[in-house]
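There's a structure below that I have some questions on.
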Amino acid sequence: MAEARPHAPHRTGKLPAAGSPARALALVVVMVALLVFPLLQVATGGFNYWLHMMLYAFMYIAMATSWNIIGGYAGYISLGHSAFYGIGGYITGGLMTFCGISPFVSAPLAGVLCFALGLPLGLIALRTRGPAFIISTIALLMLARLALDNIASLGGADGMSLPLTDFPARTAKLPFYYGMLAIAAAAVYTSYRVRHAKLGLGLRAIAEDEVKAEAAGIPTRLYKIIAFALSGLYVGMAGGLWGYYLTYLRPSAFLQILTSAQIVLMAIVGGRGTVAGPVVGAILLVGADELLVAKLGSTELNLAAKGALMIVVLMFFPEGIVGTLKARGRLPRALDWG
Amino acid sequence: MTELVQVMILGAMLGGVYAVMAAGLTLVFGVMRIVNIAHAAFMLLGAYLAFWLFTRFHLDPIAAIAVVMPVLFVAGMAVYRLLFTRIVDSHRHVEMTVLLTFALALVVEGVGGSVATGIYRTTTPEYASDAIDVGPFYLPTGQLYATVLSFVLLGALLAFLRFTRTGRAIRATMQNRAAAQLVGVNVERISMVTFGIGIALAGAAGSLMSFLFTFFPSQHWQWIASLLALIVLGGMGSLAGTIVAAMLLSITAGVVSNALGPTWSPATFYLALFVILMVRPQGLFGKKSEM
Amino acid sequence: MTLLEINKVSSGYSGGPNIVNGVSLVIESGKTYCIIGPNGAGKSTLLRTICGLLRPRSGTIVLKGQRVDGLRPDQILERGLCFVPQDRSLFPDMTVAENLLMGGYTLRDRRKLADRMAAVYAMFPILDERRSQRARTLSGGQQQMLAMGRALLLDPDVILLDEPSVGLAPRIVQQVFDAIARLKAAGKTLVIVEQNARKGLECADRGCVLDLGEKRLEGPAETLLQDPKIQELYLGKRRARPELL
């Protein structure tokens, strides 16, 4: 029996719910701007500071977005994600030092290896829920740190230094800029796809009520482990590139709980459980960090300020910026990615 | 062989201190389902307070407990009132408290660190460098006193929970919060008091710590990681489990440290955590529903 | 004398629809009132609203001439109304004695507390026998008695019992209703919600049927037991159905 049906919206390509063509256009414009921006540096120099800030922001966008897959979508808070950061860094650093492979080539590999590592680690850690899970992620981080502190061939606690790139000083930051941009874009895209796929739906159900989700037939174990491993992928990739950028790797710098804290804070301030949230949070906090360092210096007060900010956000805006705007129906379309 | 026994004795002595450190953590989790990531930060606060009292007023760190505990008790209740009463019934309560206490730890470290600076400190009462010889073994007096005091504190805590009206109310709230409400327990007030007690215990542990170890502000991360592993091992929310786990882990860590070097001693805690997660996720004394 | 009055009370759980819809009841002092009805009718919700665990959205509740709607459970407890939930809500790792002690938590007078505990032991000798046993090790029926005994510690005027016989074997159910009889003999006012309609009505003075949050039938328990409609719906009596021959 044929019914008159409203014409289904025309699906463009692989991005479901891309919505209005205006939004897609805006996205393209932003991307082009980001791609073209470094040319300013090439042309005039003097933009190195901005390049640095932006690639730093891209890195955190990638990491916060990545973390969000397990921490936001599934609701399993990991405070140990800097383990992937450090491991990724050491993988590329090691390959560079011992095999001469450029981290630009090996960073994706580091990401994949972190994914592979995340599977068995997730298998163990995800045997628990709630607080016990969080604690096991912290323990994971500590173990990774201990291990790397004690592997002499990788420099132990003193770390190892990596060679500088061959690029001329003026354009030295460019490859890292594009590298981090690529990683960030890939991370956000992955997050977007997960969010709108069955996996994302399943994770959301798990976050709401795991028991009911299981009863409804969702393979919760499998989904959680995949989410966990996936969440480590881009963090590892970012770490892989960052070590090369800094030209040194040290356990105390790469495997600190503070990095985990930053990532978590960004996702929460921005709005965990949303695609745009971590992006917003990362940009905001990198900016805020710069301001704080300018005013208070890199001291302990900086730390206290970050903690205080987190407390305020958690108590009054637990849904984060994007989440709260969404709940009140005031989220601008540009940020409504799911 | 003698060496092994000596190492085990040292481990056992430290176990009591670990137990006091973790007891407050367990208590707070058991009553309010709060995983207090800032617990060790408060321990360090207690240590710094003891240090200040020692250097300024020549007050013995063990005697300082009498000052540190009340101060931190009040501080704990204030913190609870400020931070936790709002989110008691929210969705995803446990995660919220983890993130909140994590942020709290940052604040405590930040503020404390900027006041005290990052210099490594330790209190140096005379007994800290003495030892008693018992047969072929030696017992460092500092650790001996610390252990004795730990057991006194733990004993006092257990007696308080068992025999006093408030202690019973705390246990009741731990076992069945709704039922406690039904018999007229003001569970909010009890939660506040329990949090205060937890922080007070952290302070006492800090005082003991001040002459057993050198300490610096960002050290609390290592402590909290070990303590958290400890309570998961013992079974979250079980005081008995915490005490047993503390003794076991401390002795094992001591043996490991002796065999492989001191850097591996904390690894014992973390590896034990993963083993127990694979074999018995609810911990030694925990119940399945606690997971 | 009217002890408890429930006037057009409606309530529900956070954000959801009304589970209880404009129910009115009058409970007389010293009498036993039984509420029966199908699953999901709102019987438990009604009790939880009366004892303060749930706030009524409309209507009033008057206990001994004073309004108690909107008060906290411990405040209502002070005024003489006690609630024994479906799951008994015991403290599993505390002993029988400790559970009873907790029942008397709000009692400051030690002598009174000791006297009342002795009275409970006298009423339920089996609890006396198992004083030092942990509550989790008691049988279902014994746990129910402990829950009731604990309610008695405060010498309440009204005791609300939510499905006291649920999940218990028939033989144990009898024990529970014997215990209820003892409470009645001690002059307590009882409001019982029961799935086991027959047993519930048999021990009651008055009763009513709650369905979909509203009160349907009401009357003396005897009358309700004889009512053919109730017999068919809740007491399991079959009506002859010609078409099934």
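A, B and C label the chains in the order they appear, each numbered from 1.
Here is the rule we go by: a residue touches a chain if its C-beta (ideal position, glycine included) is under 8 Å from a C-beta of that chain, and two chains touch if they have at least 3 such contacts.
These figures come from a predicted structure and were not determined experimentally.
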| item | value |
| --- | --- |
| Remotest chain, chain B as reference, centres from CA atoms | C |
| Chain nearest the overall C-alpha centroid of the shown protein atoms | B |
| Geometric centre distance via CA averages, chain B-chain A, whole Å | 33 |
| Chain centre separation (chain B, chain C; CA means) in Å | 43 |
| Whole-Å gap separating chain A and chain C, where each centre is the average of the chain's CA atoms | 54 |
| Residues of chain A that touch chain B when the two form their complex | 75, 77, 79, 124-125, 127-132, 134-136, 138-143, 146, 149-150, 207, 257, 261, 264-265, 268, 299-311, 314-315, 318 |
| Partner chain B, residues of chain C touching it in the complex | 51, 53, 73-74, 77-78, 83, 85, 89-94, 98, 101-103, 105-106, 150, 154 |
| Of chain B, residues touching chain C in the complex | 165, 168-169, 171-172, 175-176, 178-186 |
| Chain B - residues contacting chain A, complex | 29, 33, 35, 83, 86-87, 90, 92, 94-96, 98-100, 102-114, 217, 221-222, 224-225, 228-229, 232, 236, 263-264, 266-267, 269-271, 273-274, 277-278, 281, 291 |
